[in-house]
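Got some structures for you, see below.
Same chain, two partners: chain A is paired with chain B first, then with chain C.
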Partner chain A sequence: MDLSLLPQFLITGLSTGALYALITLGFVLVYRATSVVNFAIGEFLLVGAYLVYTFNVAPFNLPLPLAMLVALPVAFLFGWLIERGFVRPLLGRNVVAVIMATIGLVATLDGVAQLVWGADQKAYNGELPGQPIVLGSLVLTARSMWGIVVGIGVALLLIALLRYSRYGVMIRAVSESETAALALGINAPRMVGIVWGLSAALAALGGVLLASASGPGFHVIALGLMVFPVAILGGMDSVPGAVIAGLALGVVQALSTGYLEGSLPGITEAIPFVIVLLVLLLRPYGLFGQSRIERV
Partner chain B sequence: MASLNVENLKVVYRGVILALNGVSLRAEPGEAVGLLGPNGAGKSTLVRAIAGLLHQYEGRVLDGKITLNGQDITHASALKVAALGLTPILEGRPVFRYLTVLENLTAAAHKLSPARARAITEEVFARFPRLYERRREQAGYLSGGEQQMLLLGMALLTEPRVLVVDEPSLGLAPILVEEVMRVLGELRREKGLTLILVEQNARAAFSLVERVYVLEQGRVAFEGSTQVAQSDADVMEFYLGAGASGGFAEAKRYRRRKRWV
Partner chain C sequence: MTPILEAHDLSLSFRGVRALNGVSFAVNPGDFFAIIGPNGAGKTSLLNVLSGLYRPQRGRVRFLGEDLSGVSPQERARRGLGRTFQNLELFRGMSVLDNVKLGAELAVGAYGALTPDARKEWAIRRWAEEVLDYLHLSPLRHKHAGALPYGLQKRVEVARALAGKPKVLLLDEPMAGLSLEEKQDLARFLLDARREWGVTLVLVEHDLKAVLELSTGVLVMSYGEVLYLGEPGGVRDNPRVTEAYLGRSA
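Moving on, here comes the complex of A and B:
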């Protein structure tokens, strides 16, 4: 084991982990607001990554950061439309029915994405801007910095908004009880639409940054599946939990790639799930699951 | 001031369970009306129907009409009803338990300007100092009485003209019931509210309202002024369980005899 590479692995891990955190944040918000486990989250990443690609190539030819900025509102609209057309009619139905429906959404979105963008691997035009920072043996690539800065920055911003802004309080209120919110005249359907839009926008941001090296393609979907171990580890309904669990699993994966992959090929894919199993044995509600307030 | 009128309302849940079978009720501007009756009589259903919240409970209006200030709100959404100035306080003390007291008030104040919201929040805290002391605690940890006060405060922040309160006394100690009724009376006078008070605790309701409706099995079984209701032995005995006559055995015999008449 070569410990001199440890800081490098940590940085790489934090960068992917921050993006996992970002995507999971959206996933958890959706779960809290609508109790829907969005199995199509991988497709949200895919659509987001492709949307950025669309603005990145002809006829738009926008540089990557600008393409991301333009694609975000479109991704938001996409999530909002999914909620309107697909989730809302099913709300209040059997949980299994809703889960099956999101699995149906997976197939639908896969097909639509292939029709629109084709099935082949694409490449982004240009790189994420920024000079790599070299600190001794440690190299901070532009991509790592984008991951860390955007991932953690946006996550903190969102947490602050949820906590302190009026809209954030309203979203949390609706997430807890739609009926009680409606009784106060809070526009619950609008809040739920916003949450789905946010989730899609966050997935787009995470998707494009995770795919910035490889370019958008169907392998992005598999990256989206990381929200499941991250969300479960964080406690499923905890926003800070999602961030911390995302960073932790990102680092674990990077360390596993660095140290274990040589002797145990394939372990990196499995290790987040192994950790989740171990943690759930000790803490059934995950690391930061909300402890239920009950009056006796 | 606002008037509420319910005409011959029929409500079903899940398409088959008839919860209201032709209920009519009116509340004049500034009036306080009590809605009494046993469990399962349809009181809460009426509240949900008025507030536009039936579909949240898989219910719908089958027949009849609800008007608020002459405007038809029979099938209006909860948001529409709220916009017209009617605020329900639902049963079971539905505060947002994971939000702090302050956040609960913020959520309720969503349509007010920040300055107005601050002014009314201060008014709420002045009225309920206990809420101020516990403003940073999660509402789920408040006592039942405090939660009821919080709900009243939240309702005030919606600036209602009609307030419909569903069973505020449920599970509260008698001294707190008195307190809640006193506050409701004050608010009603100060704000010129039209008040619909749903209660099982008839004695508590009588202290506040001018007229009562007694609901039984989805119908109005009695309608009249508070004085008449209180002096009507049958109403007291059958529906409100507050008969003046002797012990339980005697009451039972009386009921049995009445049933044959």
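Moving on, here comes the complex of A and C:
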């Protein structure tokens, strides 16, 4: 084992992990606000990555960062529409019905994405700007820096907004009790729409940055599925938990790629889920989840 | 006197089960109106129809003289129809103060997505503190609402609702699960709020004795139907009530 490469693996892991954290944050917000486990989160990444692609190629030809900036509001609108047209009509149905519906959403969005963008792997036009930073043997690529800066920066911004802004407090109120929020005159349906929009925008941002090297294609969906081990490890309903678990699993995967993949091919895909299983055995509510006791 | 809140011929059923059947009543400004009945009588369903969470199949609700059909729950709250819940619906992860501030925002009126403007923020904070003080909750203002004992959580929920300066406050079994002393405290707070802030109270209760001596008007329900509507004094002598309610529980 070559420990001199450890810092390099850590940086790569933090970069991927920060993006996992970002995507999971949106997923957890949706879960908290609507109790819906969004199985279509992978498709949210896919649609986001393709939206950026659309603005990145002809006729728009925007440079990648600008294309991201333009695609984010569109992704927000996409998430908002999914909530309006798809999730809201199912409110109050039983849990299984809602789960089956989001699985149906997976198939629908896969089909729509293929119709709109085709099934072949695309490539982004141009790279993420930035010069690699070299510190001795450690190389910080532009992509790593984008991942770390955008992932952690946006996550912290979002946490601050949730904690201190007026809409943030109202979103938390709706997440804790929608009926009580309504009784205080809070426009809960609007807050829920915003949360779904935010989740789609975060998925788009994470999706495009995770796919920035490979280009957008259906493999992005598999990256989105990392949300499940991250969210479960973090406790499903914990915002800081999502961030810490995202970073942790990103690092674990990078270390596994660096040190284990050679002798145990395929281990990197499995290891986050193995960790989740172990953690759940010891802590059923994840690392930061709330164990809820209800008084009837 | 024009009623402040009126229900006219409300009917509601869930998949064939009748929750409410032709329920009508009127509450006058300043009333302490009690809705009582055994479990499953439809009391909470009735409150949910009044506050807009359920849509009745028949009948209408009038509040401040206006028909509320098609008015959203949040809009009803903004017009002054407050509400507390049978199973506590506090924002458990927030402090007591933040819970009450969300109520106070409703009363003061706040705009903007990021912050209310500075003057309103100040007014919200001051009013929230006043309500906390009024309900003897000030020392707990920074505690997590979810970490408080049950009786205090109930009191915080009442504080949050009162902070919204409702014209009518609907209370769903506020006394349930409280000790005798806590019940007396809460009753005193509610009566004070009614006297000093002019809040009309509509209170759902399971326990008949707890409210008869306080109320100005009573509606007794059983299986979604009105058994009795009138002065509290007439409840005990009413044969239908005696049979359906007192007969079993007394």
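For the reader, a short list of remarks on this structure follows.
We take it that the second predicted complex is superposed on the first by the 290 of 296 C-alpha atoms of A that agree within 3 Å, B and C clash if a C-alpha of one lies under 4 Å from a C-alpha of the other, contacts with A are read in each partner's own complex, and residues count from 1 in each chain.
Just so we're on the same page, contacts are C-beta pairs under 8 Å (C-beta built on N, C-alpha and C of every residue); 3 or more make two chains touch, one makes a residue touch a chain.
Note that this is a predicted model, so its numbers are computed, not measured.
When the two complexes are overlaid on chain A, chain B and chain C occupy overlapping space and clash. In the superposition on chain A, A:182 makes contact with both chain B and chain C. Look at A:61: by the touch rule set out above, it reaches neither chain B nor chain C. When the two structures are aligned on the shared chain, A:4 is found in touch with neither chain B nor chain C. In the superposition on chain A, A:108 contacts neither chain B nor chain C. Of the two partner chains, neither chain B nor chain C is touched by A:35.
Contacts of A:121 after superposition: neither chain B nor chain C is touched.
When the two complexes are laid over each other on chain A, chain A has residues 166, 169-170, 172-173, 176-177, 179-187, 290, 295 in contact with both chain B and chain C.
Residue ranges of chain A in contact with chain C, taken from their complex: 161, 165-167, 169-170, 172-173, 176-177, 179-188, 290, 294-296. For chain C in complex with chain A, the residues that touch the partner chain are 51-53, 72-75, 77-78, 82-85, 87-94, 98, 102-103, 105-106, 110, 112-116, 150, 160-161, 164, 177. Residues of chain B touching chain A in their complex: 51-53, 56, 58, 78-79, 82-83, 87-90, 94-99, 103-104, 106-108, 110-111, 138, 140-141, 144, 154, 158.
Considering their complex, residues 92, 166, 169-170, 172-173, 176-187, 290, 293, 295 of chain A touch chain B.
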